[in-house]
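Shared between the two complexes below is subunit A, which pairs with subunit B and subunit C, respectively.
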Partner chain A sequence: MTRRLTQGNEAVFRGAIAAGANYYAGYPISPSTEILNIASGWAAEHPELRFLQAEDEIASANAVIGASLAGAKAFTATSGPGFTLMQEAIGYAQKVGVPSVFVDVQRVGPSTGMATMPAQGDIGQVKWGSAGDYTPIAFYPNSVEEAFRLTIDAFNAAEESRSPVILLSDTFIAHLNEVVDLDELVASIEVVPRAIPALGDFTDAPRFFAGVLMYEHGPMAGEPATADADEYLRQFYAAKHRHLEVAARYARYEHGWNVEADVLLICFGIVSRVAAPLRDEFALFRPIRIHPVLGDELREVCARYREVVVVEANDGQYADMVELAIHRQVKRVPLLGGRISLEAVREGVDRVLGGGPSEPPIPETPHERGPRATLGVG
Partner chain B sequence: MTTRIALDGVGGQGVRVIAGIMGNLLARMGKQVTILFDYDSSVRGSMSDAFLIFDDEPIANPVVEEADIMLKLADKGHMRIHGHKIVADLGLDVPGAEQIPFASLGSQQFGKELFGNMIALGRLLRLAEIEFDETAIRESLPRRFVDENLAAIRFGYDLEPDDIARLAAEAPPSRFQMNAAATAPDRRAVGGGLDASDLPVEVAETG
Partner chain C sequence: MPEQAMAEMTYKDRLKVDLFPTIWCPGCGIGTIMMQLAMTLDELGLDERNTIIVTGIGCTGRMGGYLKHEAVYTLHGRTLPVAEAIKTVRPEMNVIVVAGDGDTASIGGNHLVHSIRRNAPVTVLCNNNEIYGLTGGQTGPTTPTGTKTLSSPAGNPNTPINLQAIVRSSPHALYAKTTVYHQIHMRNAIREAIEWPGFSFVDITSQCIENNGRRIGFDSANDMLTFFRKTYKRAPKDADHLAPFEIGIVYPADHPSRNGHVSAPAATAAPDTQVEPAGSIPSRTDPEPKAAPPTDDEKARRRAESVARAALMAKLPADMKLRVARREISLEDAMREAGVDPE
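Coming up: the complex of A and B.
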């Protein structure tokens, strides 16, 4: 038994190892860097883990894809700006069907933004970050133990769906230390092994690695299908149905707090922890599988409440998706600039339930130098 | 019972070390613990905070906005956190705070300012009503300077209110007091020009 303080980022790494990961490539970026650091140290002592610090996130993502095609269980970790650079590679991995895990530890953007401050601004980027249509699977934990468990789920879902699965996190979940016994948890997990042949195995089942559309079955297998809508439909829906079927096995969410209340708060990741002191006043819906959006579950749960308030550390990205899913307007509380505090949640919820706007009051520019009020929860 | 502690300093002072040692100690004692680190982009010399909560029950919200105990080692951190019991290094302008000259005590008693952070840890353990278990503390410490750190923690733990008042009165001016004096408006305005004494004194790192 090794019950000890463990950091969220460390739990992600340990989860990956427990899931059988044997390849890591990455480029350091706050607040994900500990995952790279731990991977580097681990690889030095465990040669079964191959480690590459690449020159940037584009190279990292493509190295992960290459390693996966060669048979490895591969992953990388980054933050919003790095995740943006990885989008082209992620689109390719979606097209070709590359089991892999991408960890996105969100911070305040756009661009470099506020590099060490927490945010949830990549909910949309996960869904729509690369070109064309695809059906990504993404999870988002709200504790150190769940970070461990969901990393394993992400690897398993990646194998089952043959796709890049995204594990979302945020600065605060990444840097949260909690007392857990990961060794005990390892004993109860199930790991999905690699099921498709590796490039180089030269089996009878052909695999195709081009980003362009090619016939994969039948008499024209291996020839370009770049003007054949029928072949596009076959491949697109085969992938979509496979991803949805796998996602259905991971329809994870939490519905709780005061379920008899007449207002439902929807929040996830660190926000669901910070808002927890409101548990007597409100009901909670916490999506754990962020993508595909939990449409049936949201419709069923939201129908029981007079008001639905989405509290998230972005300007309404998940709220938009909830409205599309439940065909009903929700109230929005955006927590921006890293200010993820109970005070901000309470002020925002009171404001919108009182008929006020989603936008918080905007502070005036100070006239003199003084203490900065925008740091962290400040 | 939930105890919420906020530590506020700048990078290099050992805020993370204090929180880490205390958290490990509490975890060893079988407590539920959360520690959340929060810091600005340029780590050394800018805001570095830690929130530590311990309880017998699982902890929901790891962010501390109302601290039972707040330790302030610098003045660049959160402006909106409230502390019921505040302990500050000497010369920090924190209303109602107990002032202890951590940096100068570290230097005088243990030869390095940095040991001030272990004195502060000792004071925190005392205020949080955590029993001084030498074996458990020893096991929670980093491997270097174990005896020196332990002695500094003991020193901080054993401080009584009378000691604190006396030490604060006897201590040399802290950097915060010198900083405030150097940047006071009446000094800045002299002659309309600048000399070295008009330049704001940066908060030096203790690391």
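Coming up: the complex of A and C.
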């Protein structure tokens, strides 16, 4: 037993190793950088982990794809701007069916935004960031231990669904230090083996991994299917059904706090921790599998409450998805600009429950200089 | 049948001939490159168990679908990160990238620079048709100054990118320039590149007759080939730099000994590419044309040898495999050092 103070980012890395990861590619960006640093140190001592500090996130994402096709369990970690650069590759991995894990440690955007401040602004990007239709699976922990467990789930679900699975995190979860015993957890986990034969180890005929639509079976196998809607339907729904089936096995959420209360707070990641002191007053629904949205679970739980308030560190991205799922209006508390505090949650929840707008009062521009922000690490 | 003619035929085993004719326009240069690649793979005894093809987007990228190899048809411009990672995970594989000029040097330009910096042990065959073929004929990074294209109707105002300078920014990378007309030279270049332990790049001038050639005044693909024949000349022996319109293979100064994946047997290896002493030796251009092509028996022997070699390499720890692939250590020494039993 080794109970040890462990950082969220470190737990993600250790989870990846526990799940059998043996390839990491990345490019430094706060607040994910520790994962890259730890990976490089680990690789120096454990050569079975191959490590690449890539020239950019486009390269990281494509290297993860190459490594996975070559037989490795591969992953990368980044933050919003890097995640944006990875989107084309994520779409490719969705199309081709490349098991892989992408960690997105969210910070305030858009663009370079507020590099060291926490946010949850990539909920939509995970779902819709790449071109076309696809069915991503994504998890979001709210503790160091859960970061470890969900990273393993992400690797397992990636193999089962043969798709890029996203692990969301945020500045706070990434840098949270909690005492955990990861060694003890390792003993109880199950690791799913590789889903597809590595390049060169094909069973029937050599394969062609293509981002363009190709006939995979039948008399046209090997020819482009780039003008055939029937073939598109066959391949699209095969992937969608596979992903939904796997996602159903990971329908993780938490329904708790004061379940007898008449107002339900929906929050996830760090916000669910920050709001926890309100436990006597409200019930909590915390989606852990963020995508696909937990439709049945949300409908069932939300029906039991007079009001549903979605508190999230973005301008209503998950709230939109909840409304679509439960066919009912929710109240929204956006925590923007990195201001994720109990006071901000309290103030916002009181405001919207009192009939006020979800938009917070906008402070005036100050007339005098205040303290300068530190440079931070971008 | 004479031995030589028989030997020439077996390269078709590398191709999915059942999918022919290809989608390329009649007279396109890509087919010639594919044929020379297939012949080289065949000659070297490389097959679908030990050689992975990675292609980019563009007319050129379609080649992965016609080679009887495991192939990854990547996103536009992303061949190199994919290829480099494949090689890192499976150093016992040969990884060959085939991509167009736009894919390699424009959208993929940053990856090119950095794979070269890292001396990624992969081979790039760049189908340099000086145009964006697939999208209908827009200016590309290697389009000559003044050429009229769909996107530069008044003539390309810019200087084309200098691929030789980029590749040779690394002291470890091999650069070869050849054309679709000079087929034997092309095959030599491809072979030398595949056998090169570090990054290697074959810049192949070729013709896009439909979306470039005709618009700039050529009547046929044959006209373009004649132009290549007349304008491109072999670089002088021992040149360490290729002038414009010179073809040749430029080896880096630190040309290491050839204890490679498939060691070229003495009978076919060119005299000036044999084992070199360690240390700094001058750069040189390409070897003389080869002697007679290997017989089928010889190819079968090489194939068995390369398969056996890959199987032995697979037993090594990951980091050692990569050192063997980079020829920093011989396979035999690596097995000994790692304490791996060859049986």
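In this section, the second predicted complex is superposed on the first by the 366 of 378 C-alpha atoms of A that agree within 3 Å, B and C clash if a C-alpha of one lies under 4 Å from a C-alpha of the other, contacts with A are read in each partner's own complex, and residues count from 1 in each chain.
Keep this in mind: a residue touches a chain if its C-beta (ideal position, glycine included) is under 8 Å from a C-beta of that chain, and two chains touch if they have at least 3 such contacts.
No experiment lies behind these values; they were computed from the predicted model shown.
*Asks:* After the superposition on A, what does A:Pro277 contact: first (subunit B), second (subunit C), both or neither?
*Replies:* It touches subunit B, and subunit C stays clear.
*Asks:* Residues of subunit A touched: more by subunit B or subunit C?
*Replies:* With both complexes superposed on chain A, more residues of subunit A are touched by C.
*Asks:* Once chain A of both complexes is superposed, is A:Val64 in touch with subunit B (first), subunit C (second), both, or neither?
*Replies:* After superposition on chain A, A:Val64 lies in contact with subunit C alone.
*Asks:* What is the contact status of A:Glu48 with respect to subunit B (first) and subunit C (second): first, second, both, or neither?
*Replies:* In the superposition, A:Glu48 contacts subunit C only.
*Asks:* Go through the superposed model and pick first if A:Ala115 touches only subunit B, second if only subunit C, both, or neither.
*Replies:* The first partner, subunit B, only.
*Asks:* Looking at A:Glu343, would you say it contacts subunit B, subunit C, both, or neither? Reply first, second, both or neither.
*Replies:* In the superposition, A:Glu343 touches subunit B alone.
*Asks:* Considering only the touch criterion stated at the top, classify A:Asn177 as touching first (subunit B), second (subunit C), both, or neither.
*Replies:* First partner only.
*Asks:* Pick one for A:Arg4: touches subunit B only (first), subunit C only (second), both, or neither.
*Replies:* A:Arg4 contacts subunit B only, not subunit C.
*Asks:* Touching subunit B and also subunit C: which subunit A residues?
*Replies:* none
*Asks:* Okay, in this complex, where on subunit C does subunit A touch?
*Replies:* The touching residues are 16, 19, 23, 48-50, 52, 54, 57, 64-65, 68-75, 78, 80-86, 88-90, 93, 110-111, 113-114, 317-320.
*Asks:* Sort out for me which residues of subunit A touch subunit B in the complex.
*Replies:* These residues of subunit A touch subunit B: 3-5, 30, 114-116, 172, 175-179, 273-277, 279, 340-343, 371-373, 375-378.
*Asks:* Okay, in this complex, where on subunit B does subunit A touch?
*Replies:* My answer: residues 20, 23-24, 27, 31-41, 47, 49, 59-63, 65, 75-81.
*Asks:* What residues on subunit A touch subunit C, complex-wise?
*Replies:* Against subunit C, the touching part of subunit A is residues 22-23, 25, 47-48, 50, 52, 54-56, 58-67, 69-72, 74, 88-89, 92, 198-200, 202, 206-212, 214, 222-224.
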